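Consider the two complexes below, in which subunit A is the common component and subunit B and subunit C are the respective partners.
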Partner chain A sequence: MALRVALCGNPNVGKTSLFNALTGMRQYVANWAGVTVEVKEGIRNWQGVKIDFVDLPGTYSLSSFSMDEKIAREYLLYKTPDILLVIVDALSMRQGLYLFLEAAELDTKTILVVNAVDEARKQGIHIDRQELAKHTGVPVVLTSAVTGEGIDDLLDTILRISSSDKKKLQFIFDEEVEKMIKALESEFISRPSLQSFPARWLAIKYLEGDPQTVALIGQTQVVAGSLREKIAEGRYKHIDLILKEVLKTSGEVMTMSDALDHVLTHKYIGIPIFLTLMYMTFTFAFQTIQPICDGIEALFTFLSDLARRSIANNTISSLIADGIISGVGSILVFVPNIFALFLILGIMEESGYLPRAAFVVDRIMYRLKLSGRSFMSFLLGFGCTVPAIMSTRGISDQRERTITVLSVPFISCSARLPVYLLIASVFFEKEKGMVVFSVYLLSVIVALMSAVLLNKILFKGEPSFLVLELPRYRMPKVKNLLLYVWYRGKHFLMKAGTIIFLASVILWILSYFPASGDPTKSFASEIGRALSVLLKPLGFDWRLSTALIFGTAAKEVIVSTLSMLFGFGKVESLGSTLTSFYDPVTVLSFLVFAMAYIPCFATLGSISSEIGKRYLIISVIYSLAVAYLLALLVRLLGGWLV
Partner chain B sequence: MSLSEVPVGLSAKVKSIPDSLVGSRLISLGFIPGTYVKVVRDAPLGDPRVYLVMDKLITLRNDDAVQIEVVLDNDLVILSSAQEGTYTIVELFGGVGFQRKMHRMDLQKGKTVQIIGPMTVKTQRGVFKLGFGIASRILLRRV
Partner chain C sequence: MKKVILVAETVVGLLCFSLFLKIDWMFSLCVLVFSSIYLFGIIDSGKNPQRIDAHLMVGGTMFFISMIFAITNNLPHLEFSTAHLLIIVMGLVGLIQALILRLKFK
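Coming up: the complex of A and B.
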């Protein structure tokens, strides 16, 4: 039997970083509270013992208010591990020890891990390990997930206490509180339905007024929540006594965080700075990086020419040159853009700026009956919609969460970037950066308006409660950034090798046959024509319609389709062919449609698993309607202006 | 007074927390009666604000912070909630324009003033009835 060891602690203290250091895994780490939203397991063999580590979402206390906190709490209560590691941040130990005192009542073997000691040392804070162990009654290990300090020590300690006897841990409150706890405890022990829980823990939670516990127990002779403040006060008094013995600070160190915050979250320039940063992000991802993309494009043109010239059989050479190389290649051209975008998102997440951006715009979100917290999920949506939807688990209000999940797909994810870039560079050569930036801005506006609309139709709630923790700024580590970019970008490359490759081959077949190479008489044109009846008012012909159909698999496929339908036999002239077919207004309305319509398969999957199957259908219909209306609007406005 | 009225830069001691779900949430974040909370800064448009609580930075909206009752230390009080009596001005929270406007009424750091009614202040220049917006930006100490 493997030894099961769970990591719990406040949000953003470095649980996942430690978990990665302990198991050699690469789970998602970032510098904001609420990154981990599900239970993750990993195995490590240490001195012949198999240890099964479990990483949990962060939680401020064991009373849970949002879904991720609930997951952590349920795990500890219903799947109590053999050993519990309570991770506390060396720079804010008070909050961490509060959770420790709560967890101690769970009646499990516990180790107290003080993480980020590297940062504490830099700030001139010394932590007395022996003293801390003496006062808490459990083994204490000081670690740094960044330098690797203390990891082996932690593994040794785990093995040591796994073979020793369990010690009863208990924090004794003052007399009045203890009397009530004892009274409730004896009542709970006699109830069979409560047998599986630690009775003392339940009694304390009941007196604290924890909603789940109160729901479980119902009313008793004592009023639920009546000692809420006494219990918290008692714990903090105790913690302050411990910390007085344990912490040695050598003078005040002026921190970088304050100075940075003064500028980045400034009263007046905070919002302009945010917008400037966003604009710089996009120009970096679309323009600075462009020469690399051009190089890749040249390479693929060369390859498809080579294939055409060197393969005698016309059908096969067309499959390779027009189907595979131009289908997959037309997307791979955009890999540098996508990696660049992830690089910047990575910097935002690692530095600690992300929640500050949410803070800066919260007032605006409040008007829309949302909170800055959902704005954070929106920002993450620039990368990929799926993790952005996952991150909504940290939103404590169910109504706000549903609305955010349904609106996040409107935010332009990186997969839509190739579509924008292709169209913008063909039609709006000079204002390319501006056009793409505008589509991004539009996607944010649409997402926000969608939230307002959904608020109106689905729910008539009040804005939810907002708490954001602003983590201290951290210098992003180059290694972490590269890993972040690689793991996010890899997904895109894998898609190119699987879905997009497959779609390209199918598309080629559909557009090559039966007229052997004339797409206007192909199967694809039949399909497109059928749909273009509906899309006629938007000005989309069968080619654009076909592209949209295939784009539901993954939005990048729109680009492959276009390059195939227009590019048979001639990769390099896609641009000039496109301009001769469509006017800028049609193209713009196509761009807008492509931005908003049906989320990709992966997104639909996560919508359904996060908030229910029902919403999957709602999302499809809803996004189609929005896309159609927006595109029509662009067409009408454009027709009127031009 | 409530936490939302405490000017940026000051600390206050938590007196009570609302008896609700939000209250429990606040307690779990460290807003415990008896502990100190420092107002660190406010967002553009004044809402939400950042608080230093239990050595970490937490943002709260004013609509939520208004539910947290706090007291200032050492006889400190904001003019908007000052009782009648004699006070000295400890701090004026505002930009140059605000300072100048206050100067005209002889409201300056270190000056002694009298409060003779709700938000009504008597200085050497005369008696002034202040609006809430202004009164909540003047910090006094009882003498």
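Coming up: the complex of A and C.
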């Protein structure tokens, strides 16, 4: 039978990094709090014993306020592991040990793991392992998930403790608190429904006023939550005593983090620096990298020519050249842009700068009644909306979570990028980087305004509290970086092989028949024409309308559709055809519409599974309305300016 | 001494900004923002001498980044003006600055 070992700890202490080091897996690791939002398992064989490791979301305490904290807590309570690893960060042990003191009462075999000792050493902090083990009563292992230090030691310790007896751990509070705990404990033991939980733990949680425990137990003779401050105070006092013995520091110099923070989050130049770096990122990803994209485009043109020439049957050669190659190829052209963008965003995120931007814009966010956590979800939204929506599990306030889920789809995900790039490079050759940057900026503004609006409409603007968790600066690790880029870019490539491939074939069929190759008389045109009545005020013809319909499957398909509807049997580029069909204003309002309208199927699916079916419908109607309004606004403004 | 460097680099940075204004105005704004890191270093230096180091280090890094940006962005055209030469010098000096000052912090 496998040994089940769970990793729990504060957010961003390196649980997933350790998990990866222990199991050889490659789960997503990043330098900010709230990365892991689900339970993940992995297996390792060590000296003939099969160990099943479980990575949990980060949590500050075992009282559950946000969704991901609840996941960690439920796992520990209802699927109690054989051994519990409590991971604490060597540089913020005070907070880590708080969780440890709670977890130790769970009546499981526990190991205290102090991670990131490499960083502590660099800052001249020495951690006395023996002393720490003595004061906590459990084995202590010092590790670094980055250098691999202490990993074998940890595995050995796990085996050693698995074969020894369970030790009962208790942290004794002062008399008044203990008396209450004892009284409750004896009451709980007599209740059959509570048999499976550690009674003392429940008693403490009840006195702390943990909502779930109170719901479980109901009222007793003691008021729930009456001793919350006393308990926290007692624990911290105890921790401070331990740390005084355990930590040896040297010197009083400004740390690197302080130095960088002083400039990068500066009162006056913080925001300009942030915008400048973002501008450079976008220009690099969309302009500098362009020659590579051109190369890929040339390759696909060559391939489709080849197919046309070498396949005799007209229908089949059209399916391959006009359908598959042009449909899938028109999207693969953008792969270098997307990977370059995520490489730089990855460097910024891993180094801890991007999460800090949350701090720079904190005052704005606060006014919008959002917290740093939703800011990270918005940031993730630049990759793919689905994981961004999943990441909202870290937001403790249900109201804020709903608002974030409904607003995140407005953030431009990477699937929308091909649409922007296609149009920007055709119509705004010179200012391409600038145009794409502006659309991104607009998408951020729309998302934020939507947050304010929803707050007003749905929740009458109740104020929210602010939580900011700043990770420290770290040199990005090449391995993490490559993983990051791969995670973000992967689904783009996979979609090209699956959804987009399929959509290309279906689209080709719809636009080839019944007129054998004349899209203007095809089924697709019928569909588009039906809808274009609605979109007429925006200036979209049936082609653009068709593209928008198919774009709901995945937004890249907009590009495939356009390239198919305009490209049939033609050799000259899509660009020159497009310019002869539309004026810049129409195209710009199309761009804005494509940015904001209905989230793709995958996103709708995750909205409904995260916050409920009702919101799926709300989201569709809401985003369509916003898109229509914005596009109309662009059209009116454009018509007035030109 | 360090203050002199800050002042000198602010001036050169502003010069760079004005030279780039005609070539690529967006990039010149970037240079302006980064020069202001040096500028604020002079203003902030009163309270804590280590802040000067911080400004020099971060400013240096930013100029190094802009150097790389300016070069890669100009690679296809391969025409380097005085402005480009100046930003390259600023970038290299910035890199050295950042590498040395890095050791001053834990």
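FYI, the second predicted complex is superposed on the first by the 634 of 642 C-alpha atoms of A that agree within 3 Å, B and C clash if a C-alpha of one lies under 4 Å from a C-alpha of the other, contacts with A are read in each partner's own complex, and residues count from 1 in each chain.
In the analysis below, a contact is a pair of C-beta atoms (placed from the backbone, for glycine too) under 8 Å apart; a residue touches a chain by one contact, two chains touch by 3 or more.
Remember, it's a predicted structure, so these values are computed and weren't measured experimentally.
Once the complexes are laid over each other on subunit A, subunit B and subunit C both fit without any clash.
Between the C-alpha centres of subunit B and subunit C, as viewed from that of subunit A, the superposed structures give an angle of 60°, to the nearest 10. In the superposed model, A:L216 lies in contact with neither subunit B nor subunit C.
Look at A:A259: by the touch rule set out above, it reaches subunit C but stays clear of subunit B. Residue contacts after overlaying the shared chain place A:I509 against neither subunit B nor subunit C. Once the two complexes are overlaid on the shared chain, A:E229 sits against subunit B while remaining clear of subunit C. Shared-chain residue A:Q95: touches subunit B; no touch with subunit C.
In the superposition on chain A, contact is made by A:Y268 with both subunit B and subunit C.
In the superposed model, A:L303 lies in contact with neither subunit B nor subunit C. Superposition on chain A places subunit B within reach of subunit C only down to 9 Å, the least C-alpha distance between them.
Counting contacts by the rule stated earlier, residues 262, 266, 268 of subunit A appear in both its interface with subunit B and its interface with subunit C.
Interface residues of subunit C facing subunit A in the complex, by the touch rule stated above, are 26, 29-30, 33-34, 36-37, 40, 44, 48, 50-51, 53-55, 57-59, 62, 65-66, 69, 72-73, 75-76, 102, 104-106. Remark: subunit A residues 60-61, 63, 65, 91-95, 98, 208-211, 225, 228-229, 232-233, 236, 261-262, 265-268, 270-271, 359-360, 362-363, 366, 372, 396, 465-471 touch subunit B in the complex. Every residue of subunit B that touches subunit A in the complex is listed here, in rising order: 16-17, 19, 21-25, 27-30, 32-35, 40-48, 50, 54-61, 64.
Of all the residues in subunit A, the ones that touch subunit C in their complex are 122-124, 251, 253-256, 258-260, 262-264, 266, 268-269, 272-273, 275-277, 279-280, 283-284, 287-288, 291, 434.
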